[in-house]
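Take a look at the structures listed below.
Each of the two complexes below includes subunit A, the first together with subunit B, the second together with subunit C.
Coming up: the complex of A and B.
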């Protein structure tokens, strides 16, 4: 479910702006740190901390969109430019994170105590909580995109930007909304997962790579693909760690991905957008 | 004048696609723009809707100067467009496509009523209201594109080659729909067409574009009988 949040965030940004958000993992890490400080250090309510993560990272997304991507997209149509810019923002956040938060691994205490027994397996209550929260957020996002006026505008921009403008959609405004929303999802995922896995300033890049893997499995820019990709990656990881010791798992996943992409480069759901 | 394009030029990079074009029309009128491939018809409409930057000249609509406005502001003033090649949102349902047409409006009740009106006008869309627009036939997509444009309750409707690629009976159906919309909804129509005969029959006045300039203009009935127009655009 958390993977689904990450994958949906990066999908949203890609579909709306045509920008592959290299900094997605860094945004996730930032979200984790915000929750760490607000909840873990200052001791405020966990949900306040989550909201703070979402808002902070959304603001970072807004600033990136408004001052960097929008300008670059306006003056050039070359994809390399936005790719480089995106990679640049990732490095920027990485070094800022290191400077601000240091190298230490930061975790927080579980939000709720206790253990549930579900079908004979023992699940810590805090894990169950973030699973449910993440699921709720994914559901809310899908409903928002499918059934609300702004959601329709976002879909319209993703499918045909000029025609969306012809219907009266303010492209700049809704692109900013899409970017902020995608970033907020990364922040939320960070805020949720920091309660289970600690974060550190260098953790961004691997998360970004996982996000890329998920959307490559599912098909870039497709909502259903993002969710599918998240589940495929989640299950492969779980299976891999269960059956194969150590770090071979990711090697296998990557090899599997490359083989898969040879046969189906557009991903499972691969259409331009859905 | 209700709608006026005055000495407008449009460039793509350094290439001039439209040079010094002027058009005028009265409220409630239907005018046609005809011309060969690459004459600048689409570019003219794109300039009106704000999609193509106007390098020089002015565009006026209903008392507003619109040549420096963004597309979404121009829609808000009451101009909507049926783009060349339909451009329905392919992965959206027919119903959602129509709702997108009403994006600039906030009156929910009236929007729902207007959806029903579009369905009454194009019953085939109603049967397919939950179907993805990309899976519709060409003719159905054209009807959807027209319906979507009507959902904005426009005062001026710009149509770019609505008959393109349609079978003759569908072309007649589209032509009837254009006239019906013009009369019943009191919408002024600018009709861009390669099908010059249809366009000249439907419109009251027409402009003939050649290489980005107005080569000829006049009453459509006169142009239908004009020797040069007959030879170049009506096939003899």
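Coming up: the complex of A and C.
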């Protein structure tokens, strides 16, 4: 479910801006650190911390979109330039994280104590809480995109930018919204997962790679595909680590992915392209 | 034209004669220049893949392939470095061709993403290679290049007997000059035009009789060859290789060098690699803020020079412009 949050964020940005956000993992890490400080160090309420994570990272996303991506999208002749810029911002956030937060692994205490027993399996209550929260957020996001006016505008931009502009959609405004929203999702995912896995400043790149894998499985730029991809990756990870411990699992997943893409290059839900 | 050749010759003389002579005792500077040269070589490979319109972020994977080929051949089988070097290039090119055949069907960001995962996959493969790659411990104590004799004449003396840093500098410089020359030739001959036609529109290229699948694999394999050679070089100059010797960040750097140097020019990746790598080393004094400053500079460059450093003054020559 948390993977779904990450994948949804990156898909949103990709669909609306056509930007492959390399810095997604770094935004996730940033979100994790904000929660760590607000909840773990200052001892405020966990939900306040989560909100703080989302807002902080959304602001970062907003600033990036407003001052960097928009300019490059306007002046460049190549679509690849934005990818490069994203890689640059990833580098910036990575080093910023290292300078600000140090190299230590940071974790926080579980939000709620206790263990539930579900069908004979023991599930820590904090994990259950996170699962429910993540599920709720994904659901809320889907409803937002499907049924609200800004959500409709976002979908329109994703389908066809020019046509959307002709229908009177304010592209600049909604691009900013989409980018901020995607970034906020990364921040939320970071804030949620910091209670289970600790974060450290170098964790960004692996998360970005996971996000890429998920959207490749599901099909880039498709919301349902992102969720599906997240589930496929999550389950194959869990099963893989159960049967073959160690990093061989990931190797197998990557090889599997490459073979899968040979047969279906556009992912499960993606539209074929010319 | 004559002016251009003269300028190239002066540059070559500076690079091969003056610089090594002036800095022959300065290990640190020579080391940096050597590394920059080899990084340029790898980036040239990325440029070749870009010439057919694909963004390759998997170059680290092929550098690893090359590096491990050299390490295994020279440590376990005692093969001379001078045979290992071409063997590494060929191994990387072969792997590149096999993997490239299917994945080159992908385009744009999809290709970029899959090559990125390739970098990660190569690292994991090396980590789980058992006794062949020796997992996380890596392969150590790789011998320095030995001497080459032909008919009793010593062509290349053993590196042990020389100023090692200077020897490696020359090796790197010669490799880079050869690489740059090859790519320049490719860009200006028929092959270069075919690559550019693929970059613009593959369907159109196919309709005028270009064997699209063959040429894109060729370009990719050539790029991988460069990575393999460079990987072998790093392995020998550092006398060790680990699964983490080349990773995803390195792949991203190679791509950045290419783009920031200027994609429209053959020498773009070389300029990019030298300027950025030397710039990074110059910022050494900033310590923990080194990366931060560096990243900020990079972003600024992308904002103001989206077409690369070389777009600053050189007018694009018609034959060289990748997206003419």
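The working rule: the second predicted complex is superposed on the first by the 270 of 274 C-alpha atoms of A that agree within 3 Å, B and C clash if a C-alpha of one lies under 4 Å from a C-alpha of the other, contacts with A are read in each partner's own complex, and residues count from 1 in each chain.
The working rule: a contact is a pair of C-beta atoms (placed from the backbone, for glycine too) under 8 Å apart; a residue touches a chain by one contact, two chains touch by 3 or more.
Quantities reported herein were computed from a predicted structural model and do not represent experimental measurements.
Asks: Touching A:54 in the superposition: subunit B (first), subunit C (second), both, neither?
Replies: So A:54 meets neither subunit B nor subunit C here.
Asks: Thinking of the overlay built on chain A, is A:153 touched by subunit B (first), by subunit C (second), by both, or by neither?
Replies: first
Asks: Please indicate which partner A:99 is in contact with in the superposed arrangement: first for subunit B, second for subunit C, both, or neither.
Replies: second
Asks: Tell me which partner A:216 touches in the superposition: subunit B (first), subunit C (second), both or neither.
Replies: In the superposition, A:216 touches subunit C alone.
Asks: Check whether A:163 is in contact with subunit B, with subunit C, with both or with neither, and answer first, second, both or neither.
Replies: first
Asks: Scan A:71 for contacts with subunit B and subunit C and give back first, second, both or neither.
Replies: second
Asks: Given the superposition on chain A, which partner contacts more residues in subunit A: subunit B or subunit C?
Replies: Answer, by number of touched residues of subunit A: C.
Asks: Return first, second, both or neither, reflecting whether A:257 touches subunit B, subunit C, both chains, or no partner chain.
Replies: Touch status of A:257: second partner only.
Asks: Which subunit A residues contact subunit B in one complex and subunit C in the other?
Replies: In subunit A, residues 273-274 are touched by subunit B and also by subunit C.
Asks: Enumerate the contact residues on subunit C facing subunit A in the complex.
Replies: 55, 99, 102-103, 105-110, 112-114, 116-118, 120-121, 124-125, 127-128, 203, 248-249, 252, 255-256, 259, 263, 288-289, 291-292, 294-296, 298-299, 302-303, 306-307, 323
Asks: Sort out for me which residues of subunit A touch subunit C in the complex.
Replies: 14, 20, 22, 68, 71-72, 75-81, 83-85, 87-92, 94-96, 98-99, 205, 209, 212-213, 215-216, 220, 246-248, 250-251, 254-255, 257-258, 261-262, 265-266, 273-274
Asks: Which residues of subunit A touch subunit B once you look at their complex with the stated criterion?
Replies: Per the touch definition, subunit A meets subunit B at residues 149, 152-153, 155-156, 159-160, 162-171, 271, 273-274.
Asks: List the residues on subunit B that touch subunit A in their complex, please.
Replies: Touch list, subunit B to subunit A: 49-51, 70-72, 75-76, 80-81, 83, 87, 89-92, 96, 99-101, 103-104, 148, 152.
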